[in-house]
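The following pair of complexes shares a single chain, chain A, combined with chain B in the former and chain C in the latter.
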Partner chain A sequence: MTRSNRSYLAGFLVLPAVAVVFLAMIVPLGYAAVMSLFDFQIGRENSGTFVGLKYYIAFFQDSVALHSLYITLAFTVIALALELGLGIGIAVLLSGIPERLSKPLRAIYSMPLLVSPIIVGLIWRYLYDPTFGLLYQWLGAVGLADDFGGLAKPGSALFSIIVADVWQTTPFILLVVTSGLSTIPSEVYEAARMDGAGFLRTLVRITLPMIGKVILLLTLIRGTDAFRVFDIIYALTNGGPANSTMSLSILAFKKGFEQYEMGYAMAISLITMLILIVLFAPLVKRSSFMVKE
Partner chain B sequence: MKLRNIQWILVLALLTTALSACSSNKGNGEASSGEKVTLTISRWAGPHADDQKELLKQFEQETGITVKMDDVDYGQLQQKQTLNMSTKSGEYDLVWAQEIWIPEYIKSGYLLPIDSYVSNEALNPQNFDFEDYSPSLLSILTSDGKLYGLPTFIQLPIMVYNKDMLDAEGLKAPSTWDETLSVAKHFRDKGTGIALPAKQGQAAVDIFTSLVRSNDGDYFDSDGKLALGQPSVAEAAAFWQQLAAVSMNGSANWHYDEVNKAVQSGQAPLGITISGLAGSLEDAEASNVAGKIGYAPLPYAKQPYGTLSVWNWCVTGDSKHPEEAYRLAAWLTSKGTEKALSQKNGQIAARQSLFNDADLVKQFPFFPAVGESLEQADTQPLDPNAPKLMEKLQTALSALAVGSSEPQRILEQAQQDLQSVYP
Partner chain C sequence: MPSKMLRNGGKGLILALFALWTVIPIWMVVMTSFKKQKDIFTVPVKWTFQPTFDNYAKAFSNGDFGLYFLNSGAVAIVSSLLSVGLGTLCAYGLTSFGLKRSRAITNFFMLGKLVPAVTMLLPMFVLLQSVGLLGTYVGPILAHTAVNLPFVVWLAISFIKDLPKELEQSALIDGCTRMQAFRKIIFPIILPGVVAAAILSMQYSWNELVFSMQLTDMGTYTLPVGISRFVGSVSVDWGKSSAAATITMLPIIVVGFFIQKHLAEGTTGGAVKG
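And now, the complex of A and B:
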């Protein structure tokens, strides 16, 4: 086959996949962008009135919307930090103990990954309930039951949700980091040990830099997921108490389906996407894992 | 060459799949006359839905029409109905809709007017008695002189109390605000308190509306303008805050089902739950407190006032079998069917004759409390901007329940936030 024939063939074979991406992602995105300029309710798209950038401007003037942006950022930063820290930490620790122990342990730690997010929400809702839940029984046993607000106080509700989210997502980080760690040749560790490097120095100077690309990838995946958090907040507190756990996705949901302002909901979703691009695009650029070395 | 063959096979496979998908769609859309009619109805899942499924078998026997029920969780019900009706695919023939959704549905053209069917004797069950439907409930379903559905299931928040627990402390069942506060506080000091559905959501607002109206007040003043800062509302907000302070631990995140569980397990001496769930308190198998519960209207300042929510069977605009769908709606809301359903699980129908039916009252001691609440009752405001008012109140009440903010200030803040909607 000549070179030009081969590239035509390649283009033709890729066409179905491109068509799917275009139809399932680009077209709805374009539709959302256009419809966010209209005031309409779901089901009545034809009778929407053109309002231009009203919703985008309204978003930055609405204290509830700005507060939800703040909450979403706080959730993303704290949850991501905890998940990465715990995931990498457990992975590194498990890699240091004999296989017979680490294999079953890793399996046990990976179990939360198998549960669907809404069920995780329900499990934790009952764990956190002061009258019916296990958590308060344990806290009561050590006399701390009154100090922890749980899901009922604005200050602690977000933290409680973060704990539930960390519980669910750390296994994913654990598994990916474990596979990343397996690519580090053992000679490097032997050399480090012979040079007298301790556990912490090995970790900081050798392990982490060598799985740097993996961590970058995880930050990208997990960070964008955390920013768009919905299921677990919906199941646990539905945005309350007093809007203290209202993330951008929950706000968009309420605006679109409970307030009948679908245009506003779409504007919020697009703003979410734009913020994500601004925050994470540098990461994508920096990561050379996509390019052949 | 080998590559080219595979290429053609792939293309052919893709085309075949695409074509078969198209043709199977067409097949489903047509229904030849003389074929068995199947109706799809949309409603809220749960024990009531299961009981209704049982009774529907009777309908199928009588008329030969098969009924498929798509019962979903309350949280997704409205979205699913809206999505299906907006695509005009005829997916649903009959929808079970709450009164707050009705104005929207009518405006969007989702519902079919049923006046012509109501007057058609052939479609109505025996002893239909159209006048027996509560007129105020029918007015919710009427727009521009046309009727858009039949009311069926009424829900009201009511107060419940554990008679044994109150007697053990020598306390009388509370009815006014002050009485309720003192009884709740008595139990709070002992570790429990009143079980309150104080989660940020509509339940709290429904209760709050009752409190405001029982204080001779309303969200709007006599000119029809929004006035959340007026004394009747502020007093109700202060009461709500005080009540939340003496509520059971965790109430700030409870909805009606958790409250019901707390009462059912015998832990809660006082509670505010919804009439639809009260039946399960008397279920001897599931409840620890069957027979020990007393029922009353919500705590009132001046006189009891109920916030009612009424569910209605409505024929969809895009239904392919509107006559059969209406027939089903009329059958479901007939006196016989409603009484049978009430006897199964204590749900309250929109049929006036059933409120004081001797059999039902004996079986369900909470019917008189509901009847009393219904003497003076109204729905939430139904104007198109009402959802925004509800949302602001949800946030305000949640803030009052968990914090120590000034009720007056919070209400005035909410009023200000709503200025663009209610000038």
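And now, the complex of A and C:
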């Protein structure tokens, strides 16, 4: 086969996949970028009036929008910290027990990953139900039921959602860290033991640095996921009470589909994407997320 | 050595507690789905009761769940076949031809993973409406395929790169065309990985909520959308929605046990091997 024939075939193989992503992602993004400059009604896109950067400026003067940015950042940082801590902790414990025990445990632990976010919402609304929810019954048994507002109070709703998110996504961290740990040669641990290093010292000095790359990648993947959070909030509180769980994605969704301010909604969702890229670009560069030389 | 026993005991206790924390919420829903109305609203929670299938009958008779089930199946199967079919061919094109821009194209796919669903959804909704395709299967299938393609491409690239280069070369020397070499030599070897990728794509599509909710209509709702309509209403019918949730959740959890080792690498796009 000649060289040009070969690249012809390669192009033919690559093109359909690129076309789908182009059609479903790049075209909508471009369209959103243009339409966010217009004030328009759904179904009457052509009669919209040009408003320029009005919506982008409005975002930074809109106290609800700025609050959403704060909520989104808080959700991302707290959820990520808890999930990484718990996931790495359990993975380290799991790596110290025999394979015949750790394998079935890993299978059990990974179940929440496979559950649809809307069902996670259903499950946790049931657990958080103030009258017959399991959580309140257990809190009541130790006399704390009255202090905990669950999903109903602005002070505790965001944290309650984070708990449900931790339930669903910690298994992911756990699985990835487990496979990262399995690449550390056992000689390293033997050497550490010979030198008399204890559990904590081994963890901080050897285990964590050895899986540093994995942790970086997880921070990127889970961090960007958390920043985009939509499903679990939609299923649990839909942004309430009193906007206390209104993430940027929820806000954009509500503006677009409930208040019919499509132009503003698109501007918010694009700003969300830009902030995400700015926040995580340094990690993308440093992690193994992209192919390099 | 009592201190060692104590430490092992502590370890076991933590791991057991974590297992309970994982299982109890799922068990609660499965249990509720088999409870009579009067057993659901009890304080304290009843762990033993007379089981009933009433909730399942209700979900299917006045909840259109049969239809949602078929819709979910159709969207999941078509979109995962598309992702896996286009994705593996694309991966072969990117790895085996010395294409100059292959790295740039791969990275273009990975950047797609950073786009928020809502950012894609809003313009897709307007565009699909203007071409009259809102409310059909086209919206969710297109969206799910686009979301799944990056990781399928990435995963398939890592599978193909793991193969010895001589394998393809000897096929070419024996007179195979490039496509024959792919079909007869490479594809059969990477098939187990491709199946895992297909199952992971199907799992995403099966569970996905927001595209399926906004781009479909009454006739094309999927299972998660059906459940969200139960949950969204003012008073939740816990029995009925638990039954619907159980039907939706169990098949994918069962399948999940078989692709255990691929769960980690699948969601990291092959960057971490399970």
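Note that in this section the second predicted complex is superposed on the first by the 274 of 293 C-alpha atoms of A that agree within 3 Å, B and C clash if a C-alpha of one lies under 4 Å from a C-alpha of the other, contacts with A are read in each partner's own complex, and residues count from 1 in each chain.
Note that contacts are C-beta pairs under 8 Å (C-beta built on N, C-alpha and C of every residue); 3 or more make two chains touch, one makes a residue touch a chain.
It should be emphasised that the depicted structure is a prediction, and the values quoted were computed from it without experimental measurement.
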{"item": "Chain A residues touched by each partner, larger count belonging to chain B or chain C", "value": "C"}
{"item": "Contacts of A:Pro16 with chain B and chain C, given as first, second, both or neither", "value": "both"}
{"item": "Which of chain B and chain C A:Ala152 touches, first, second, both or neither", "value": "first"}
{"item": "First, second, both or neither for A:Leu93, with chain B first and chain C second", "value": "second"}
{"item": "Touched partner set for A:Ser110, first chain B, second chain C, both or neither", "value": "second"}
{"item": "Touched partner set for A:Gly239, first chain B, second chain C, both or neither", "value": "first"}
{"item": "Contacts of A:Gln259 with chain B and chain C, given as first, second, both or neither", "value": "first"}
{"item": "Common interface positions of chain A, toward chain B and toward chain C", "value": "1, 9, 12-13, 16, 42-43, 125, 131-132, 257"}
{"item": "Chain C residues within the chain A interface of the complex", "value": "11-12, 14-15, 18-19, 21-26, 28-29, 32, 40-45, 82, 86-87, 89-90, 92-94, 96-97, 99, 102-103, 105-110, 112-127, 129-130, 142-143, 145-146, 149-150, 153, 177-179, 203, 206-210, 214, 223-224, 227-228, 231, 236, 238, 241-242, 245, 248-249, 252-253, 256-257, 260, 263-265, 267-269, 271-274"}
{"item": "In the complex with chain B, residue positions of chain A that touch it", "value": "1, 9, 12-13, 16, 41-44, 63-64, 125, 128-133, 136, 150-154, 237-243, 254, 257-260"}
{"item": "Residues of chain B touching chain A in the complex", "value": "1, 3, 7, 10, 14, 78-79, 82-83, 85-86, 104, 108, 110, 199-201, 248-253, 258, 261-262, 267, 387-388, 391, 394-395, 398-399, 401-403, 417"}
{"item": "Complex contacts: residues of chain A adjacent to chain C", "value": "1, 6-7, 9-14, 16-18, 20-21, 23-25, 27-29, 31-32, 35, 42-43, 45, 90, 93-94, 96-97, 105-119, 121-127, 131-132, 134, 137, 167, 171-172, 175-176, 178-180, 214, 217-218, 221, 224, 227-228, 230-231, 234-235, 248-249, 252-253, 256-257, 262, 265-266, 269-270, 272-273, 276-277, 280, 284, 287-291"}
